[in-house]
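In the two complexes below, chain A is the common chain; its partner is chain B in one and chain C in the other.
Showing the complex of A and B:
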């Protein structure tokens, strides 16, 4: 059965690009969240196998969302997505429980590697 | 024939041989064309092989045989002494040390196939010996003494040590964060002991694509590999069990720790070249009993003398004899406890070499006075502080070669380690011709740590040094050291003080740093000044006493409600010793005897009821029921059979 993925990003463009790569590689995107709060709510509802999480978002940022999701499900597999130059935040996200990180602009191969390694 | 009873003798002698091999190798590395050193090593390996074979320790014999073959080729000149050859030989000695300890302690023997293959490769293709040193070897050479110790302890607690070498994919973005994920994943199941490059360099991305770690874990090497492979952007990972590096210490420590377990070399000074020097091996337990008995004898001698003093004077002649004999016996017994500091110093040349190589620095270590003797219990405890100070010199003192050349210094740094007697003390000095202490940096750090008001401008060297020894002041390595185990200088100071010693540091910025440790020769018997307070006898260790004076009550002045006296234009704080110990305060109606004692470098006066005199006392620690009492170092039994408390001047006040 295909693994389910929840995409979190405040820009529709990034969500679209990610969805494209993810679905092409045999994963099912079960939901898209545009901020942290939504991601937490959707995580509860959909229980996806994997989550991609942007860091800078309105309402609730990615790091807080990671912490919230880890509270709900300590086994959650979250891949944090950041822009270049967000090193301290990536580290914070990783120590909050994210399992891997991706750096924008996304390289399709890297996205797949991450999904595969974290999802297994 | 049952050889098990010879095992301890075998172990002690084999350790001596390995220590000699280590020393010879260091010498050989400096002077590869010295045939006598090669001959000596060959003979040592040969003897070791014979001994191991006799004991039926086949692994040891097999391994020594291969080493002997390599040494034989070196001896005949068929093999050139390249760096690679020497590194393999160092590795071989390390492996032998490990095999020896495992054999002796009857624990499973680590696999040594790889090490033996390295030796065989030298024998089979002597010409190919120029090949560059492999990554693992470089890496293992970089395990420093502290981490070796950690690994050694880990292994005894059932952990396994692995060297993990990781290569990131080309074009990895945010390399340092990637390294962080590797650390994070591994730290779930292991303790990372060391990384290469250092954690700081990894964080600053001062590396290409490869880095290596040494970790302790209860997991298998395969599991560790899987964990790293499960991380993104990893091109390759290799995991190898670390076996060699723990051995170095095991053998070294062996010499100290056998004290507890086995028979031990009293003069563990490995006898080189000629093995005919008298070497006494005595069980420590027996030794301690002897010391204890002598202690009792000293007490009873004093008792008898006191009895006779009050009786017939003509019996004194006979007692003079007793006095002389017991005194001699006391010194003879003490001398058994005395061991040359060489025992500790011996492991430093190798450690400094390894550490200097790892730091890419050129450092020569000059040792002098290694035959200076001091109490075994002190020797056993002084190793770690010295390691720390040497490490400081190597890491922070000696500058990189280029920097030294730029400063007009000789490219190779020099660290001098010396020991010498001075009265009833031993002085150990570590000095280096490095960059000295940076007062500004220490000031900034002290401000950062909240030990100093921000905005403080001027700091004298002495004040700066005080901060270095301050408990809250962590040294530079705690910042870079992965697991933050860097022991601060405050721990060094604490150890030295627990041995009734003192430590002093001086530095000339840009030029040198020198640390001097002053220790008593022994801790078991000390000279003390006996005084009376509230009818009780109290002993003050004589080393702390500066002088005795007598004052009139009227001479006591008060400054901010604290009593002081003037002594030769110096204002000294004044305390009532009885009061400090919770006895009834001394009656101040007449002249008062005052003992001037040095407390933490400051002179302090203590009012006592009466002076009794000087005496040698045997220190007995307080029972564990009583525990540590502030201001009291222990107790002793006096000539009259009564008990006197011994003052611990460092904790008595404030």
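Showing the complex of A and C:
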């Protein structure tokens, strides 16, 4: 059965781009969130196998969302996809519980590689 | 001290445009971009809009507020024609106007370009430079300026880096605008090894 993914990004364009890459590689996108708050709510509802998470978003940023999701499910598999690649941010995200950090712009192969690695 | 100023500008222009070009290329599946040697100026903000093509030119501006170890503003501004080329390259759709998807694509591209610049600057200066959620405005340059600078205390000169990218016969123009506040300016200059500007 295909692994399920929740995509989180405040830009429709990026959600669309990620969806295309993810679905082409045998995964099922079960939900799209446009901010951290929505991501947490959808995580509770959909219980996806994997989550992609942007950092810079309105209402609730990605780091806070990661922490909230990890409270709900300490086994959550969250992959950060963000343009913001400065070291303190990467460390913060990984400390909060993210399993990988991809810096935008990323290529499709890198995304798939991460999904496979984290999803197994 | 004019020499120090020039050094600062050269550094920023190199960082800004180098990373912007790389980011743009990667977003467009490794398409090769040729970068025209960037021009960098430090101007009073009242002159900056004129330098970029005039207050009445219709432009697309993507802008962020910077926080963290240094505060300020940063924006990426394109004349409308260039923005339409970018939308076409990003979405594969040829439109005469910027629609919802086009706005989203430009916002993301601007976000990546501005953040790439900040990431590079952060690495060079060892400062944490955090961009806000980007805003996007499509309007006459004068109005876009107001959006970018809403609430800003503009006491400083604005750094404007003019770039031109060309790819397979298409030409894209853009300006990267960097406006650190007084304290940030001093911090960055110091970290770049430049004395008081």
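Odds and ends about this structure:
Definition applied: the second predicted complex is superposed on the first by the 118 of 120 C-alpha atoms of A that agree within 3 Å, B and C clash if a C-alpha of one lies under 4 Å from a C-alpha of the other, contacts with A are read in each partner's own complex, and residues count from 1 in each chain.
In this section, contacts are C-beta pairs under 8 Å (C-beta built on N, C-alpha and C of every residue); 3 or more make two chains touch, one makes a residue touch a chain.
Computed from a predicted model, the values in this text were never measured in an experiment.
Aligning the shared chain A places chain B and chain C next to each other free of steric conflict.
Once the two complexes are overlaid on the shared chain, A:120 sits against chain B while remaining clear of chain C.
When the two complexes are overlaid on their common chain A, residue A:84 makes contact with chain B and with chain C alike. Looking at the shared chain after the overlay, A:47 reaches neither chain B nor chain C. Judged by the number of chain A residues each one touches, C leads among chain B and chain C. The superposed model places chain B and chain C at 90 degrees from each other around the C-alpha centre of chain A, with the value given to the nearest 10. After overlaying the two complexes on the shared chain, residue contacts for A:100 are found with chain B alone; chain C is out of touch. Contacts of A:14 after superposition: chain C is touched, whereas chain B is not reached.
Applying the stated contact rule after C-alpha superposition, one finds that A:110 touches chain B and leaves chain C untouched. Shared-chain residue A:24: touches no atom of chain B or chain C.
Annotation: superposed on chain A, chain B and chain C show a minimal Cα-Cα gap of 9 Å. Overlap of the chain B and chain C interfaces on chain A: residues 84, 103. Those residues of chain B lying in contact with chain A across their complex are 173-174, 176-177, 180-181, 184, 230-233. Touching chain A in their complex are the following residues of chain C: 23, 26-27, 90-91, 100-101, 104-105, 107-108, 111-112, 115-116, 118-119, 122-123, 128-134.
The touching residues of chain A, when paired with chain C in their complex, are 10-14, 16, 56-58, 83-86, 88-89, 103-107.
By the touch criterion given at the top, residues 84, 87, 90-91, 94-95, 100-101, 103, 110, 113-114, 117-118, 120 of chain A touch chain B in their complex.
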